[in-house]
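Heads up: the structure comes next, in structure tokens.
All chains are identified by letter, namely A, B, C, D and E, in their written order; residue positions are counted from 1 within each chain.
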Amino acid sequence: MSELDQHLLEISDLNVSFDSRPSLAPAVNGVSFFVDKGETVGIVGESGSGKSVTALSILKLHAQSVSQSISGSIRFNGEELLTKSEKDMSMLRGNHVAMIFQEPMSSLNPAMTIGSQLMEVIKLHQKVSKKEAKAKAVESLTLVGIPAAQSRLSSYPFQLSGGQRQRVMIAMALLCEPQLLIADEPTTALDVTIQAQILDVLKDLKDRIHASILMITHDFGVVADIADRVVVMYAGKVVEEGKVRDVLKNPLHPYTQGLLSSIPQIGPFKERLHMIRGSIPKPDECLTGCRFCPRCDSKREICEQQEPAYRLFEGQRGTRCWIGTDEYDTSTKGRLP
Amino acid sequence: SSNEAPEASQSPSQESSDASPKASEPAAKGEPINGGKIVIAWPANPANLDPDLTTTSLTNDALSHVYEGLFEFDGKEEPVPYLAKSYEYRDDSKTLYIKLREGVKFHNGKELTSEDVEASFLRWLDVNDAGGIVEPYFDKFEIISKYEFNFKFTKPFAPFRSIIASNSANQKLLIKPKELVEKYGNEVLLEHIGTGPYEFVDWVPDRSLRLKKYKDYVPVDQEPSGYSGRRIAYVDELEFKSVPELAVRVAGVQTNEFQFANDVSLDQYANYKTDKNVVPIVSTPGFQGILAFNLGTPPFNNLDARNAVQYAVNLEELATAMVGNADFWHYNPSFFEEGTIWYDGNAGEGIYKQQDLNKAKEYLQKSGYNGTPIVILNDRGNKQHSDGAIVLKAQLEQVGFKVDVQLLDGATVSKQLADKNQVSSWNINLASFKVPKPDPQVYASWLGTDKWISHWDDELAVKMETAFEKLLVETDQTKRYALSKEVNKEFWSSLPWIRTFDYARLHLAQKSLKGFVNYSTPFYWNVWVDNQ
Amino acid sequence: MTKVKKKHAYLFIGAFIIIFFVLLALFAPWFTRFDPLALAVKERLQAPSAKHLLGTDALGRDVFSRICYGARASMFIGLAVVFLTTVLGGTLGLVIGFYRIADSIISRILDGLMAFPEIILAVTLAALWGAGIKNIIYVLTFAYIPSMARVVRASVISVKSLEYIESGRAAGARNIYLIFRYILPACRSAIIVQATFCFAAAILAEASLSFLGVGIKEPTPSLGGMISEGRDYLGVASWLSVAPGTVIVLVVLGLNLLGDGLRDHLDPKLKTR
Amino acid sequence: MIPIIFICAVIGFFITNLMPGDPVRVMVGEFASEKQVQEMSERLGLDKPIQMRFVMWLQNVMQGDLGDSLYYQTPVTEAIVSRLEPTLLLATVGLFFGVVMGVSLGIIAAVKHRTVVDQSAMVVSVFGVSIPSFFIAIVLILVFGVKLQWLPVAGYEPIAKTGFGVIKYLLLPGFSLGLIQSGLIARTTRSAMLNVLNQNYIRTAYAKGIPKYKVILVHALKNALSPIVTVIGFSLALLLGGTWIIETIFNIPGTGALAITAISRRDYPIIQGCMLFSTLIYLIVNFLVDISYSFFNPTVKYK
Amino acid sequence: MSRVKIEKDIIVEVRDLHKSFDEEHRLFSRKKNTLTAVDHVSLQIYRGETLGIVGESGSGKSTLGRLILRLLESTSGDVRFEGQSITDIPERKLGQYRRKMQIVFQDPFSALNPWMTVYELVAEPIRHYGTVAELDLRKQVIALLEKVGLSEADLHKHPHEFSGGQRQRICIARALALQPAFIVCDEPVSALDVSIQSQILNLLHDLQEELRLTYLFISHNLAVVRHVADRVAVMYLGKLVEVGPVEAVFANPSHPYTRSLLSAMLSIDPDVRRERIKLPGDIPNPMNKPSGCRFHTRCEFSTDLCMKLEPELLDRGNEHYVACHMKELVQH
């Protein structure tokens, strides 16, 4: 792979497990995917599937109080991040890679003004005067559509609505024009109207500064709206990936299929929804075989015995399922619970 | 007349040389140095500084540097003229003629005259406790000239000189200028103007009392002896600080922040001895211990019950608990120390320190004690007394008393002891006096019908009083000795309180303190500081 | 896994220390060879030895026995104060937190009482009522009720608005039931923390009261009283105050561990998963 | 506020006057005669019945006159004011030690949560709260005063005389006081910091690239401050109560020692004055704490 | 859910219901702020139907639900259950109504008493109301658990040992314990994952069929409301702005607010282009609501009339009620 078509972010075989429970399945287990320049990649999956852990691993932002072991490789612009020192990571954070979080209500420091929180980032990463920093802060607030930005600088977070706070978060993330923006469920806690606003802001900005976005969500609607490609995670593993259109229209993995059909559809009203049985496995469950197996309607014996390998296809598609392999075809039907 | 009296500052423990206070005295080695300051750490706060109005001995200790008496006790415990130049008994001893020293100046520059003595005396007579003893026999004060005057009595009044010189329990007559007396009348004095080697600077209650050297002081031309004789102020300033915490008093002397600390722990004597920075000073005679009865209420309004206690008590155990080391306490059945003219070694014979549990039980039976718990009431702030109370309880219970030890705070205790309306709130109180200066008469204010704390009011009290009365009017010393034995006998047969033992006080001096003389009341004239 | 074990370790160590001293106190007569009140004046101020494990005090009493019995008195005071404070202060806090009616008035009064320094209150009341275990308990209870009530009140108020209370109400629960089954368990950790604090404070306050001369009635031993008495002998017989001091430190430490452990243990969310 | 003060004043009056013991006896001494006692109680106006004294006292208090000390014969307010300097300084130094030790222990424990460091810090804090203050004080005196001779063993000189040198009299007592307070402060700080460190905005701060020490000291501490300040305020109120014993031991002529001696002497007006004074201090401290919230909790300021 | 013909039997009727919260008194300020959470709302719920309520956060949906159950006391107005006014009946008599009206909360994590076991939780309402013997009670509880898809094995576990979906099932079992006729579902699936959400929605659906339940279904997920509701009511700042059959409202939103709300819905079909109707500004401060039509500050069609006069909720035909002055917007 030449310098030119090198991926902006490339994660390969990432494993994260928490030392507090070493005997259990790792929270993230052999995850690999990449993000290209200017691309928006969505990661979808149910709660607990390891999306946030993956995202936090990129910037090594895991809670300090819990020790964890990370292995694999995370390359950003070709540089390995996992071996970087804390100091070098600080240079990267907020500067080249920015991150916004799920809960806008609690992600801003309640005791500091918006202005100081914004200017702090600029002063940290760029050598500018106070005045310039201020001007930049105002500019970025205007960019994300906050009216009267100048006067907002002296506001405290609690004086803003949820949507405004999330916009401030975005403004903060974009201050240093990062190459990659990681958004961990940025709209989940927000009302539909505000969610739409935020998505529009993100799209707008992406066009403007050509940043790549890694969008973590559990809502296929968001993915459909904003992403170019999508990665589906289940129980710490990537189970499917591909172009958004391909995955949504033609899901390969039974989990993706189940998820999509569980969503109340616009279209003809249905009496009952399709549903996936059971719930996501606990870390100590289903450690052998395919971890989706207990909930899968099309499982066979092989699924319980052996973990399927991740298979990559044309057009950046991939799936982790026995279906469509010879082993599956020859295997007998698994015992149904 | 008291030639035979041996030195008063004698150690009770000459047999054990290492505990001898003599050995530890910072002897007057080297030349005196002028200047500097002595800080004295006091264990408590004097209630007020009016020497006529308070009985706190600390007040007296300090103000003896400011005020002086007509007479002062010398090393042989004989009251010798001090501000007085000479004296003479006249008129069948009913008149005491005194001639003052001339040219003695008060700190305000005024010269001492008979008028000042008159004013001071009359105030003393009116408000001081000892004045109360004198008053019934006093006739009038007669000024003869600027430096001469007469005290006139209705009867011969033998102990007068001793009383007005006695610095125990603040009986001493201290001479103040007339103006001062007139200004304050019977109110508490807030200024102090005396004739002593140090003058009063200021007093911040609970904090410190400061005195400074009086430049124009003219010492008497006599060798120092006891409280009498030449007083020279070497240091410029004396500061008496209230330091209630024992550890701090000691620590302060060790670090030379204080040069002297009153009343430190006898138990730590050995430690102090080995400390090169300090000199322990065993002050003896220190305290005279008693068990005071409440004679106004059963069971101790009955002599048999008192006898039961007398025979129940084990003095050695009590003394060990209260004082510790046997070097620091000794038996004494008499009112006065062995060695003084009044000492009566035969007093209490057959009854003093004769623990006999069977006899005690017999007496108790005879007394008709009904088993109501008796209350030993004491101030829990006084470690010696509270420890003693606990030991006493155990001893009394052995013979069949039921005992309730009540250790309360000082204010409550003194109130209950004195309260005439609540006579039955206590039965026994452990007390101790600073050993009084020689004359049995001082005891008259405590032992007698309804005096001090005892609520005593029966024929035994009257007999006791009569014994004192006789002593009072007898001026012939030899007859007085005989009469004092009479008093002792009366005391032991009526047991108004139980004589326990005498014990030493322990003070601590800095090694830099020089010229200090161990006396029952510490004083700081003729003393200097040498920091070499 | 290890986290779980560690948390239990606190509970165990704390409980061990406390149980050890409780047993020592309860069964003091079995452990001790000497009567704590028995005077042996001749043997005063002896250093620790085989005969007297922790030496003797100024009246020749065995310090080890006195500590056992003193722990009894101190722990009794601590427990009684904690019990009374928790019951009275807790009830008060529940009532004013839950019903809010008398809240503003009672809170005011509690403020007023908190404003009184507890020591001055204790000293004056002890002077008024006299010394003795019972009065110390009353005094300290009186002094700690306001803070307990306030803590409970605050936690009741914060719990009261939670959804599950409403859910209980929808299920038909009456106020009394809500208070005992819903509110009280939620206040438990606050109460435990405060009770731990009270216990420690009570033991120490007893010591301070002894220092000021209004502690437990002599000659009954108490840890605080022993430290206070022993301080005059620091130079010659340091064990007199060091030994009871160590016991207090251990008890308070154990109690803190126990309190923390208990709090975590009672929290179902933190229970072993 | 006024009603609280009033209630406390009335409670204070009766509590003190109902105390057993008699100021007169204390003043004239144990061996004094009945006559002396009588005169003294007339002089002090204590011969009147308590109801009458209460009415008189109330009238005076309404006019801001707390009466005269029985013992010092000076106005109570004057007595208290003259003792204020050492107490306030001592409380300040105590608070300083308490806060510095408590807050730093708490922060360290929180940052090193669930490690040996955390546990040791908490054990240290328990030590602080579980050793009686007088014991700590005496040990400090023996070590720093006598053994090392770094500091005076006790005593106090007014600031007017010593200037900045006054600090040498305040270090040991201040440290004893601070050590006691630090335990509670450390625990509160630890739990407040733990709470804050788990908040999302801390993660945000790290995500912005802010270095760790800055995140902890600026972002986290600022938010953890309100419970800490509450407990510091509470400590300050306690400190003013706690100075009593320390002042007595270190021989510092402050209001605490004043109150203790007043109690032992039954100097009623002073006791009442001290009670009122501490009530007032408590209320003022509470008020200041409330006000201070607005500095680090913007919600209070703007609402 | 049930598309069967709705009988017009009114089970719950809300008349002019109003709720305002007074802010607590503070130091230094005399002024009391009042927040109107539910503003003179009138509403009828028919037996057997599912009435969906949608609206942005803070629009008063939950408050309305709680007022109906009298978990909150209303400021004014009346709630009638089966024709009986329950507004003024005393607390102790409320029981007989409460057992017929239950609620399922949004957050299954905070709606269950963490100190109770599943058994206690589910048995609790029965214990409070019924006189069922302990043995029968156990059977009854097990039956209820099985009905919601849990098993006897779960009986003695604590809530924290369950996943969100399972907890929501416990909540539902608890609500069903008294065999109510009417259940307020306050965002019962918002906190759940899609796969679990569909399980719960199906469960609610099945139970409704089986027990002839009436639901007041509160949600801000329009797709869900659209899926489950027969009729839908749209709330904005404490007021109903549009009420009507779900097909009518979704197909033909008549209030400008409803329109913008629906336009913000996301589709999982990548081919569907979202045409968002952007609303200027933010939702106003509920303490300080705009005069007249409270939507006028953000409405592109607003006129002077809108600023002055509050529009009433009027039937625009087919039981489709709209509160807007702009008649022309309301076309069928």
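Quick note on the criterion: contacts are C-beta pairs under 8 Å (C-beta built on N, C-alpha and C of every residue); 3 or more make two chains touch, one makes a residue touch a chain.
Values in this document were obtained by computation on a predicted structure and should not be read as measured data.
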Farthest chain relative to subunit E (centres taken as mean CA coordinates): B
Pair sharing more residue contacts (C-beta pairs) when B-D is set against C-E: B-D
Centre distance in Å when subunit A and subunit B are each reduced to the mean of their C-alpha atoms: 92
Chain centre separation (subunit A, subunit E; CA means) in Å: 32
Separation of subunit A from subunit D, taking each centre as the mean of its C-alpha atoms, in whole Å: 54
Separation of subunit D from subunit E, taking each centre as the mean of its C-alpha atoms, in whole Å: 54
Multi-partner residues of subunit D (at least 2 other chains): 19-21, 114, 138, 142, 264
Contacts with two or more other chains, residues of subunit C listed in rising order: 3, 127, 130, 213, 231, 234
Where subunit A touches two or more other chains, by residue: none
In the complex with subunit D, residue positions of subunit B that touch it: 45, 47-48, 53-56, 127, 129, 132, 169-170, 186-188, 190, 204-207, 241-245, 247-248, 251-252, 254-255, 257, 381, 408-420, 433, 445-446, 452
Parts of subunit C lying in touch with subunit B, wherever the complex brings them together: 39, 41-42, 44-45, 58-60, 127, 130-131, 213-214, 217-219, 229, 231-237
For the subunit C and subunit E complex, residues of the former touching the latter: 162-164, 166-174, 177, 181-182, 185-186, 268-269, 271, 273
Contact set on subunit D toward subunit C in their complex: 3-4, 7-8, 11, 15-16, 18-21, 114, 122-123, 126-127, 129-135, 138-139, 142, 184, 237-238, 240-242, 244-245, 259-260, 263-264, 271, 274-275, 278-279, 282-283, 286
Subunit A contact footprint on subunit D (complex, rising order): 111, 113-114, 194, 197-201, 203-212, 219, 222-223, 225, 296-299, 302
